[in-house]
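Okay, got some structures for you below.
Presented sequentially are two complexes of subunit A, the first with subunit B as partner and the second with subunit C.
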Partner chain A sequence: MKTGVYFCNCGSNIADKISSAAVSEAAKSFPEGTYVTIVDFICSEDGKQQFEESLKAERPDRVVVAACSPRDHEATFRRCLTNVEMNPYLMQMVNIREQIAWVTEDPAAATEKAIGAIRGAVCRVRLQQPLEKKQLEVCPDALVIGAGPAGMKAALSLAEAGRSVVLVERTPFMGGLPVRFDELFPALECAPCMLEPLMGDLLHGDYAEKIELITMAEVVEVTGFYGNFIAKIRQKPRHVSLHECIGCGECVEACPATTLNVFNSSTSERKAIDFAFAGVLPNAPFLMEDVCIRSRGEICRACKDACPMGEDVVDLDEMETVIERTIGAIIIATGAGLYDASQVVGMGFGTLPDVYDALQFERMLSSTGPTGGEIMTADGGAPSSVAIIHCVGSLDDAHKPYCSGICCQYAFKFNHMITAKLPEATITHYHRELVVPGKEAHSLFHHAVENKNSSLKRYNSIGDLAITRNSSGQLLVNFEGGADTVDMVILCPAVTPAEGADELSAMLDVSRDSFGFYRELHGRMDAAQSTIKGIYLAGACQEPMDVRTAMLEGMASVGYTLAGLQPGRTIEIEPITAEVDETRCSGCRLCGSVCPYHAITFNVEQNVSAVNAVLCHGCGTCVTACPSGAITGHHFTNEQIMAEIEGVLK
Partner chain B sequence: MHQKPKLAVYWAASCGGCEIAVVNLHEKILDVDAALDFMFCPCLMDTKKKDIEALPDRAIAVTLFNGALRTEENVEMAHLLRKKSQILIAFGSCAKGGCIPALANFTTKEELLNSVYRDNPSVDNPAAIIPSGTTTFPEGDMHLPALLGRVRHLAQEVDVDYYIPGCPPESHQIWNVIETILSGDLPPKGRTIGCGTLTVCDDCDRTKEEKRIPAFRRTYEFYPDPKTCLLEQGLLCMGIATRNGCGAPCTKANMPCTGCYGAPEGIPDQGAKMVAALGSIMDIGDTTGLSEEAIAGKVDEFLKTIPDYAGLFYKYSLASSTLGGRVGMGGEQNGTHHN
Partner chain C sequence: MIPVKAFEPKIIGFLCNWCSYAGADKAGGAQEAYPPNVQVIRVMCSGRVDPQFILSSLANGADGVIVLACHPGDCHYKEGNCRALQRHSMLLLLLEQLGIEKERYRLDYVSAGEGEKFAQVITEMVESVRALGPLSVAQESID
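Showing the complex of A and B:
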C-alpha cells in the first residue's frame, strides 16, 4: 500500500521547530510504501496545485497531510483529493502546527513528537476506508414553540417568506405574557392593542394560511435531524371549534360550573367553559374538563344547547389528539415566568393579604383582569400607600445571582400607572440596584423620581427587609432603622424560564445553563442558536428580556432558518456514522439508552438494534458503550484508533 | 487393533470444577470412552507424569488443559502436554484468562505468601516458616515447586489451539466440542469454541428496555423481578459483556451473570468493555448548574455502589486483560491477548 505524507512547512511556523529532513529520514522506517513530500504552504493556491499534481503523479492509496489543525484545512485537502478523483476519507491530517510546533520549545523534542504523530497517522490511514456523503432532501418549514412575542414574530415572518409554520401554544390563547398586561414600558403603549395587529395577521392576514396555530398543545416528542425533524404534538381538547366559534359567549352564560381563573392569577372566577380573559385571541372559549359537571357523571349540555352557531361548535366528546408534523427547523420561544416569591423569606408572599407579585399586579392593572383595571386591596378599598420591592430573588446568590434586567423598568411603569389611577397614593420603591439602560427607559425613571408622591429607598440585602402585619392588621415594610406602614406590597421577583422548560429541553436534548435558561451555541456569536443544529432560540426562554428584544430574537431565529433551509436545496450528511452488525447484536438495548440523537431503533422481532445513518452524528457514544462490540464507528474504528496509538508509541 | 485417539484432561492451578463438568456429561461419558482413550486425568486416574513423558510426541489427540499457571510445575506440565498433544485446548476460564487464581496478580508473590502463612489471624506459625524449596524428612527430600511472580494463562506460555470458556464450561458445550473433534471438521486454529458468538443477553429471555441506572444494588437487598433485565433492576449483571453459549443458567435462577464465559467475540478486554458500557448508562441525575466538583461528587456516590471493581469486572480474565494485574510492581510482563 502506497502512502503519501505531505509535510507542510507553513513558512516558518512549522519549519522553525520541526525538521522536515528528519521526518523524511524517519519515514524510511515507516510502513512500506511511504513517501514524504515537503511543501512550503500547502493551503496556498500554489501549494494545493502542487499537492494535487503530486497526487496525480504518485497515485498513492492513502494520504497523510502533516500541517495545521484539521479545523483549519481538513475540508480544503479533502476537496483536493476529490479533485483528483480520490475518496476524501482516505486522508488523515496531523496537526503538527498548533499541537506541536507552536507549543514545543525544543526543536529536537518537537521533531521527535512530529515523527511519532505522523507515524501514527500513517499506520491509521492504511486502515481507513472510502466513505460516501449522502445528500438529504430537506423540509424548509418550521415549528415554533410558544406564541408569545418572539414566537409570533418568528411565525409570521417565516410565513411571509413562504414557509409553512406550525405554531404550538400551551395556553388556549396567543400573545404570551404581555397580552395579559395593560401597558408596557417604556412608552406605556397598551399591550393588547400593540400586539393585536400581529395576532390578527397570524390568524387572518395574507399569510395566515401558511400558519397552523395549535393551541392548548405541547410538543411531546421530536425525532430526526436538522432539515427533517418529526414532531409529535399533543393537543388537549378545547371542546370548541376554533373555525366555527364566533366568540359570542352564549355558552359561558349557560354554564353552571365555576372555578378560579388561573389566567387572572386565580383571583377571579370563571365558568367551566369560558374565555381565558376578555379580548383573548383566538376569540373562543375553552372547556375545562375537570371543572365541567359532566366530569362528576352529571348530565349537562347547557353550553352546546346555548350555542347559536349550531350543534357542531361545541364538541363535548372531543378527545386529546396527537398531531405529527415534519419540519426542518425548530424555534423555541417558550418565554419566561417569575420566581416563586414565597421562596424569599420575609416577603409574606402567599401568607399576607395584599402582597402581590408583579404578574398578579399586572393583571390587576389590566382592564381584562379580575378587577377590571382597578387597583384595590383585598377588602375592596383603594390603597393609599403602595410599596414596590425590587430585586426579590435577583442579584442574590441564595436565589438567582443574575440581574433580571426588566424589573426596574416595569416597577417604574407601575409607579406611573398607580399615580395615574390613584393620584393621592404614595409609592415607595425599595431597591438594591437600579437598572434602566437604553435610550427610552429614563423617562419612566425620571417620572418616578420627580413624582411628589413617590420615594426611593435603598436596601443592602433582601434579608434587611421584612413584610409583616401589625396588631391592627396593617402591612409593615420593616427595614434597617425603621418601618413603613403600607396598604399594598408589590414584589418584583427574579425572571425565570417558563414552567416546562425542563421537559422540553430534555426531550430536544437542548442544553440549558445553570439557571435553567436555554444555552446559546455561543453567547455572542450565535446567541439565537441552541446547541443542537436546526433548533433556534427566541425570546425570554434564553434569558430575561423585554418585548422589544424578544421580537428581535424572533427575527434572528427566522434569519437562521431561512439561511440554512432553502426549498430544493439538499444538505449533505457526513458518512462518519455508527453502524450495527446485526449478526453480532445480542439485543441488550444499551445503545438506545446512550444515543443523544435518538438515532437508534430496536427491532423487537429480530432482537437487534439499528442506527439510522441520517440521524446519527457519528459521536461514537454507542460504539464505546456497545458491550458486545457489534457497533462500528466508521472512520473511527477500534482498529484504526489502536493502529494510530501503536504507531505513535512505536 | 485400531487404537482410539487419546484424550487427556489436566489440571494446573484450578479448583476441580472443570473435572466435575466433564463428569457431568453423565452417561455421555460412556460415549466419550467409546470414542476416545481417556488416558490421563490426575483427578480421576492414576496415570503419572512419567507415563506421559514416555509417550511419543503428539501421541495424545486432545488435551483439555484446565487451571491457570501459578507454579513452575504448572508451566512444566503445560510444555510437556503441548509437546505430547496434537490439539491443546485451554479448557475453562482459568486456562483461558487466569480466572480466580489470577486475582492474586493484584499483589506480589511475597505479600501473598505472607498473608497465607504469617500475617493471618487463623495461622499459628511462630517460626514464621514459609514452605518453599526442598525440605528434608527422614523418608527423603520433599520438593515444592516455586510460585511464578505472576499468574499466567495457558497461551502466555505455550501455543494453544482452541479455547473453551466457562467456570466451569457447561457440560452440554463440552459434549458439543467432543462431537466437533470426533467429526474431524475443526474450526480455524485460535478460535474460542464450545460457546456462542453473541452475549449472554441473547441467551437470557428477560425483557430488555433502554437503560439508565441511578445506583447499583446487591443481590441480598431485594428480590429481583424474574421477568425484567437484571441490569435494569440495578444488579451488576455482566451478561451484556459476556460471551453466550452457557444458556444463561444464572439469570434464569434470578442471579446476575458474573461473566465466566469471558469477553464476547472480538472484544479484547471484558472488564474494560463492561466499564465502558456501565459508564454510558450510569445515571447521576440532573447536573444542570452544578459545579465540576459537585458532579464529580455525584459520580463518586454512584461508584460507591459498585463493590470490588477487580473482582467484579475481571473475576475471570485478569491475566488476559490489558493491565494484567497491579501495575508497577515489577515481575513478569503480560502476554498476548486472545479471544
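Showing the complex of A and C:
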C-alpha cells in the first residue's frame, strides 16, 4: 500500500525544531510503500497546488499530512484530496506544530517525538476506509413554543412565507403576558386591542391554515436534529371543542364548582369550566378536571346540558393526547415570569393585605380582571395613597444581579393609570436606579415627575426598606429616616424566565445562563440562536425585554429559519458515525443506555440494536460500551486506534 | 565510563477532540513548553477510550497512559466524560491486580482554554511516571 507523508515546514515554525531530513530517513523503516515529501507552507495556495500535483503524480492509496492541528486545516486538506478525486477520509493529520514543535525545547527530542507520531499515523491511515457524506432532505417547517408576542409574530411570519407552523401554547389562550394587561408602555396602547389583529390572523387570517395552534400543551420530547426534528406534544384535554364552541358561556353559568383563577393571579374566582378571562382567544372556556365535581365521584353534566350547540361540544371524557410532528427548526418563545417577591425580606408580599406584585396589579387595572379595572383595596375602598417599589430583587446580588430593564417603564405607566382612575391619590416611587432608555420611554417618566401628586424617593439597598402594618392596620413604607403611610403597595420584582424553562431546556439540551435564561450562541452576533443548531430563541425567555423587542426577536428567529431551511435544499451528514453489525449484536441494549442522543433504537423482533446515522454525533461511546464488539465507530475503529498506538510506540 | 542514559518514560495520551485536544493546541499557541514524553492519540470523545486501548498501550511499551477529558458538565457529547470516569475507576482495580501502580493511569480534565493546565498536567504525569521507573509487568499478564 502506497502512503504519502507530506511534511510541512511551516516556514521555520516546524523546521526550527523538527528535522525533515531525519523524518525522511526514519520513514525508510516505516511500512513499505511510504514516501515523504517536504512542503514549505502546505496550507498556502502554492503549497496546496504542490500537494495536489504530487498526489496526482504519485497516486498514493493513503495520505498523511504532518503539519498543524487538524482543528486548523483538516478540512482544507480533505478538500485537496477531493479535488484530485481521492476520498477525503483516506487522510490522517499529524499535529507536529502545536503539539510538538511549539512545545518541545530540545530539537532532537521534538524530532524523535514527531517521527513516532508520524509512524503512528502511517500505521493508522493504512486501515482507514473511504467514507461518503450523506445528503439529507430537510423539512422546512417549524415548531414555535409559546404563543406570546414573540411566538405569535414568528408563527404568522413563517406562515406568510409558506411554511407550516406548529404553535404550542401551555395556557388555554394566546397573547402571553401582555394580553392580560390593559395598557402597554410607552404609549398606553390597549394591549388586547393591539394584539387582537395578530391573534385574529393566526386563527382566521389568510395564512391561518398553515398554522396549527395547540393550546394547553407542552412539548415533552424532541428527537432528531436540525432539519429533521420529531417533536412529541402532550395536550391536556380542554373538554371543549375549539371548532364548535361559539364562546357563549352558557356552560360557565351552569357549572356548580368554583376555584381561584390563576390567570387573575388568584385574586378572583372562576368556575371549573370557564374562560381564562373575558375576551381571550381562542374564545372558548376550558374545564379544570381537578375542580370539576366529577373528579370527586359526583355525577354532573350541567355544562354539557347547558350547551346550545349540541351534545358534542363539551366532551367530559376527553383524554390527554400526544401529538407527533416533524419539523426542521424550533423557536423557543416561552417568555418570562416574575421573581417571587416573598423571597425579598421585608416586602410583606404574601403576608400583608394590599401588597401586590406587578402582574397582580396589571390584572387589577385590566377591565377583564378581577375588579373590572377598578383600583381597590382588600376592603373594597379606593386607595388614597399608593407606593410603587422598583428594583425588588433586581440589581441585587442576594437575588438577581441584573437590571430587569422594563420595570421603571411599567411603574411610570402605573403612575399614569392610577392618576387617570384616581386623580386624588398620591403615588410615591421608591427606586434604587432609574432606567428609561430609548426615544419613547421619557414621556411617561416626565409625566410622573410632573405629576403634582407623585414623588420619587431613592433608596440605596432594598434592605433599607420595610413594609409593615401599624396598630390601626395601615400599611407603612419604612425607609432610612422616616416612614410613609400608604393604602396600597405595588412591587416591581425582577423579571425571570417563565416557569417550565428547567424542564424544556433539559429536554431540548439547550444551555441556559446562570440566571436560567436561554443562552445565546453569541450574545451579540447570534443572539437569537441557541447553542443547538436549528433551535432559535425569541422574546423574554432569553432576557428581560419589552413587547417591541420580543416581536423583533420573533422576526429574527424567522430570518434564521428561512435562511437555513429552504424547501428542496439538502443538508450534509458527516459519515463519522457508529454502525451496529447485526450478526454480532447480542441485544443487550447497553449501547442505547449510554447514547446521549437517543440515536440507538432496538428492534424487539430481531433482538438487535441499530444506530440512526442522522441522530448519531459520532462520539463513539457506544462503540466502547458494546461488550460484543458489534459496533464500529467509523473513522475511529478499534483497529485504527490500536494500529496508531502500536505505531507510535514502536 | 559510559554515561547511563536517564530513563525517559513513554506515555500515551488520549485526548478528546473538543476540550483537551484544543487545550493542547492552546498550549502550543502560547508556546508553553512541556516534556516530549506523551504521544497524543486524538479521539472524538473521552467516552470512546476503550479499556483495551489502555492495556494495549501498556503491553506495547508505554510506561503510563493519560486520558484527558472535558470538565464534568462540559462534555461536547453531554456525558461521554462520565463514561470515561466510570471506566477509569474500573480499570484502576484491574491494573492494581496486575501490580501496576495507579499513577501510571491518570484521568484528568482540560478545557479548550486551559493551555497552561494542559502543560502542567503533562509535566506532572511525566514526572510521576519517571519517578516510578520503567513499567515491568509480565507480558502475558496484560495479554
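By definition in this document, the second predicted complex is superposed on the first by the 481 of 650 C-alpha atoms of A that agree within 3 Å, B and C clash if a C-alpha of one lies under 4 Å from a C-alpha of the other, contacts with A are read in each partner's own complex, and residues count from 1 in each chain.
Going forward, a residue touches a chain if its C-beta (ideal position, glycine included) is under 8 Å from a C-beta of that chain, and two chains touch if they have at least 3 such contacts.
Just so we're clear, the structure is a prediction, and the values are computed from it rather than from any experiment.
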A:G516 touches, of subunit B and subunit C: first, second, both or neither? first
Touched partner set for A:G620, first subunit B, second subunit C, both or neither: second
Which superposed partner A:G200 touches (first subunit B, second subunit C, both, neither): neither
First, second, both or neither for A:G162, with subunit B first and subunit C second: neither
Which of subunit B and subunit C A:L649 touches, first, second, both or neither: second
Partner chain(s) touched by A:N607 [first = subunit B, second = subunit C, both, neither]: first
Contacts of A:I100 with subunit B and subunit C, given as first, second, both or neither: second
A:L590 touches, of subunit B and subunit C: first, second, both or neither? first
Partner with the higher number of touched subunit A residues, subunit C or subunit B: C
Touching both subunit B and subunit C, residues of subunit A: 594, 621, 624-625
Subunit A-touching residues of subunit C, taken from the complex the two chains share: 10, 12, 17, 21-22, 24-25, 27-29, 31-34, 36, 39-45, 47-50, 52-53, 56-57, 60-62, 76-80, 83, 87, 119
Complex contacts: residues of subunit A adjacent to subunit B: 512-516, 584-590, 592-594, 607, 621-622, 624-629
Subunit A partner contacts - residues on subunit B that touch it in the complex: 197-202, 208-212, 229, 231, 239-241, 244, 264-267, 273-274, 276-277, 279-281, 288-290
Complex interface listing, subunit A residues touching subunit C: 69-71, 95, 97-100, 102-106, 109-110, 112-113, 116-117, 120, 509, 576, 594, 596-597, 617-621, 623-625, 633, 636, 638, 641-642, 644-646, 648-649
